[in-house]
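Each structure below appears as structure tokens.
Same chain, two partners: subunit A is paired with subunit B first, then with subunit C.
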Partner chain A sequence: MTKKAFRPDVDAPEWKGGYSPYDIIKEGTIALVVVALLTLLLAIVFGSPDEHAITIKTWSNAAPVDFATTALSELNGTSTTAQYGAPYNHGSTGPQLGPFTLAKWAGVRISVNTVNDFVIDPLKSQPSQPALSTALTQWSQASSSERAGWVADYTKAAGKMTFANGQVMVNSTNAGPVPVFIEDLTQMARSGALDQALITQAGFYTTNYTMPLLFLADGTYLSGLADHQHLTGDQWGMMNETGSYPGQAWLWLYTFWYQIPPFNTSANADVLVFAIMGLLSIGLLVTPFIPGLRSIPRKTRVYRLIWREHYQNQEKT
Partner chain B sequence: MSWYGSFAALLPLDNLGHYLHWHFIDISIANVVVIALMVITFIAALLLPFPGRQRRKENP
Partner chain C sequence: MSTTEIDRQWTTRLRRRAAGKLPPEKLLPDKQPSYVSSWIYVFGVTTLAALTVVIATGCLLAIRGPQWWHSSSVGLFVNSLHLWSVEIFFFAMVVHLWGKYFMAAWRGGRAMTWMTGVVTFLTSIGAAFTGYVSQSNFDSQWISTQAKDGINSTGVGAFFNVLNLGQMLMWHIVLLPLVAVLLTAIHVLLVRVKGVVPPFEDVPKATK
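What follows is the complex of A and B.
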């Protein structure tokens, strides 16, 4: 049987020299103590940002017209959520990778009907109010075409929407119950009641904020705040934190793709970037099996810089 | 304000950050500082001698 030839990229030569004792527990303990002390010191000296949570109450009080316009977009089906597709609804095909309609395959897992979930059902949860009860009855008894006509009429007039004296002002003529819906939903939001009505957690602890977050994301208020803090996708936002706190610098490659064509204009950027990063991660995982790439450490000889004492001694002997 | 709160007020980081722009690159000064410190640490790890090397002698 012939002996296999030595392959420098794959095989390790047998060590025939001496061995030195090395206390890795001691080194680990020292590293742990140093890092813990450094963390404590930095936490004391630097104040971390403490941004308050943005709620629908915050939003509707700060930008009532934006809230009311977004509420209307939920009602007329033009909001991002209404047109998103899976996992929320069948509004569009959703994110896809080439011919693979990934989101559609996964299906509607968190069903969201923006008309009922964001507008009608929260209004139904309000204590009895004559005008609102009448409007809800009128809506429930109307045909689809009647509803569409009312919403279209209000949408047409809403281009000149204002907010004055604590009320939403729109000069609509034949909008049926829609003005009452938008006005009451805005008042509900400003009081904080809509935040509670949209929380759908069945358990004791409230942890599911899907509905209020979707509603918030459909408006321009939240994205405006994110833009101001350099947190949006086209601002390398994945790498950033609020304030002047350092962010997640290690996500540079992930967010880099979002800045260049074709990803910065693609509606499927999330899936495309996910696929690229998946491929690159697999490439990193199998580096030891890729000829050429696996030779880089051996050819750059950085190891000789780290263990220079050893190689100097070896050359002397 | 608690005693540790007054420490934190020395260098508050809740003010809006400063950013460097160059073509499509947009990076915060805070991230630049962290990246620079990581690079310095890496170079130091390569170049600084191992501690206790005087005491440790390789066996022949």
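What follows is the complex of A and C.
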């Protein structure tokens, strides 16, 4: 039987050299103490950021027109969430990876109807108000085309929306109940009631913030604050956090792709970047089995630096 | 009970197999090959030490619940400890990973050691990410609303909802740490079973 040829990138030579004393428990203990002290030092010197969460109340009071415009976009179906597609709704096909529409295949599993979930249902939860009750009844009894007509009329006039004397001002003429909806939803938001209405849609106890977060993200207020904190996608935002903290620096490669063409302009950037990172991760995992890739360490000879002492001893003897 | 019957027991077989693969002198060695003398070896044990501090500080945060650190200066300090131990953990792990790559540490039947290390690294990224979106502050609002697009685009978002605080927190404090610690344990045991990879056989320059 012939002996298998030695493959330097796969096989390791048998060690026939000497051994040195090694106290694994002592090494582990020292490492733990040093890391604990270093952690303590960094925590004392730098602390950690904790920028309070913004609420819909904060948003609608700071930027009422942005809020009301966003509320209208939920009603007329032009918001990001309304046109999102899976997993929230059927608003679009969603991102494509070549011929594959992965999100669409997974289906609508976190159903979000922006008209009902963000506007009509929260308004229904309000204590009885004659004008609002009438508006809601008018809406519920109207046909789809009537609703679309009212919303279109209001949308047309909303380009000149203002907020004065604590009220949303839009000069619409035939918008049916829509002006009442937008005005009352804005007042509801400014009082803090919309925060609760969106969060508690699932019942008394909940830890699911999908609805308010989607609503917040549809406006420009949240992204404006993020831009100010250098957190947006074109600012390597995914790996950053508020303040001058290192954040998730280990996501640098994932974030890197979003900075360069074609990903920085592609509508399918999210799925393309995920696909690239998936392939790179698999490549890293199976490196020991990929000829060429597994030879780089031997060919670059960086190991000479790592085992410098070993090779120096070898050369001496 | 006959000897044969004892020999056939699952417990007996497992103990013998474990003792054969990992005798006490391998599990807790008191000597190492002389080539194990480089600064790069520090980063493996540093990663383990940092993981210990990460878990310990995470447990401290868990005692008073997820909102505590927003309203207490002590809580904020514990959060700072948790944050910086995570930063040290990733720094040490990345240096460890690249060090092992340039040592071609998969050689000599150590491919599984390499692979468990890579999966632990990827799991840790998931654990850190779920931590960032569970902070219940502005950071988590922004990161989760941005990250949802990437995750949703793969179809995974239908089941793994980054906007669901409860789900993310459970993944962060239960599922992913469990997997990361289990994989780390397997990784370390594989290192002990197979030993540290020897250097490449290199002809000294003087004798070339």
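Following the convention adopted for this analysis, the second predicted complex is superposed on the first by the 310 of 317 C-alpha atoms of A that agree within 3 Å, B and C clash if a C-alpha of one lies under 4 Å from a C-alpha of the other, contacts with A are read in each partner's own complex, and residues count from 1 in each chain.
One rule holds for everything that comes next: a contact is a pair of C-beta atoms (placed from the backbone, for glycine too) under 8 Å apart; a residue touches a chain by one contact, two chains touch by 3 or more.
In this text, all values refer to a predicted model and were calculated from it rather than measured experimentally.
Asker: After the superposition on A, what does A:Phe289 contact: first (subunit B), second (subunit C), both or neither?
Answerer: Touch status of A:Phe289: second partner only.
Asker: Scan A:Pro49 for contacts with subunit B and subunit C and give back first, second, both or neither.
Answerer: Touch partners of A:Pro49: subunit B and subunit C.
Asker: Given the touch rule stated above, what does A:Glu315 touch, subunit B (first), subunit C (second), both, or neither?
Answerer: second
Asker: Scan A:Trp105 for contacts with subunit B and subunit C and give back first, second, both or neither.
Answerer: Touch partner of A:Trp105: subunit C, not subunit B.
Asker: Once the shared chain is lined up, is A:Gln259 touching subunit B (first), subunit C (second), both, or neither of them?
Answerer: So A:Gln259 only meets subunit B here.
Asker: Of the partners subunit B and subunit C, which touch A:His228 in the superposed model: first, second, both, neither?
Answerer: The answer is first: A:His228 touches subunit B but not subunit C.
Asker: Looking at the overlay, does A:Thr210 come into contact with subunit B only (first), subunit C only (second), both, or neither?
Answerer: second
Asker: On the A-aligned overlay, A:Ala86 touches which partner chain: subunit B = first, subunit C = second, or both, or neither?
Answerer: It touches subunit C, and subunit B stays clear.
Asker: Who touches more of subunit A, subunit B or subunit C?
Answerer: C
Asker: Output check: A:Gly17 vs subunit B and subunit C. Expected answer is one of first, second, both, neither. What do you get?
Answerer: both
Asker: Using the superposition described at the top, list the residues of subunit A that contact subunit B and also contact subunit C.
Answerer: 17-20, 46-51, 229, 241-242, 245-247, 249, 302, 306, 309-310, 313
Asker: Enumerate the contact residues on subunit A facing subunit C in the complex.
Answerer: 8-15, 17-25, 27-28, 31-32, 34-36, 38-40, 42-43, 46-54, 84, 86-87, 94-95, 102-103, 105-110, 206-210, 213-214, 216-217, 222, 225-226, 229, 231, 233, 237-238, 241-242, 245-251, 268, 270-271, 273-274, 281, 284-289, 294, 297-298, 300, 302-304, 306-311, 313-315
Asker: Quick one: which bits of subunit C touch subunit A in the complex? Just the residue numbers, please.
Answerer: So the residues of subunit C touching subunit A come out as 28-38, 40, 42, 45-46, 48-50, 52-53, 57, 69-70, 76-77, 79-85, 87-88, 90, 94, 99, 101-104, 106-111, 114-115, 118-119, 122, 125, 128-129, 132, 135-147, 149-159, 161, 163-167, 169, 197-202, 204-206.
Asker: Can you check the complex and tell me which residues of subunit A touch subunit B?
Answerer: Going by the criterion above, the answer is residues 17-20, 44-51, 228-230, 235-236, 239-247, 249, 259-260, 302, 305-306, 309-310, 313, 317.
Asker: Along subunit B, where are the residues that touch subunit A in the complex?
Answerer: 4, 7-19, 24-31, 33-35, 38, 46-47, 49-50, 53, 56-60
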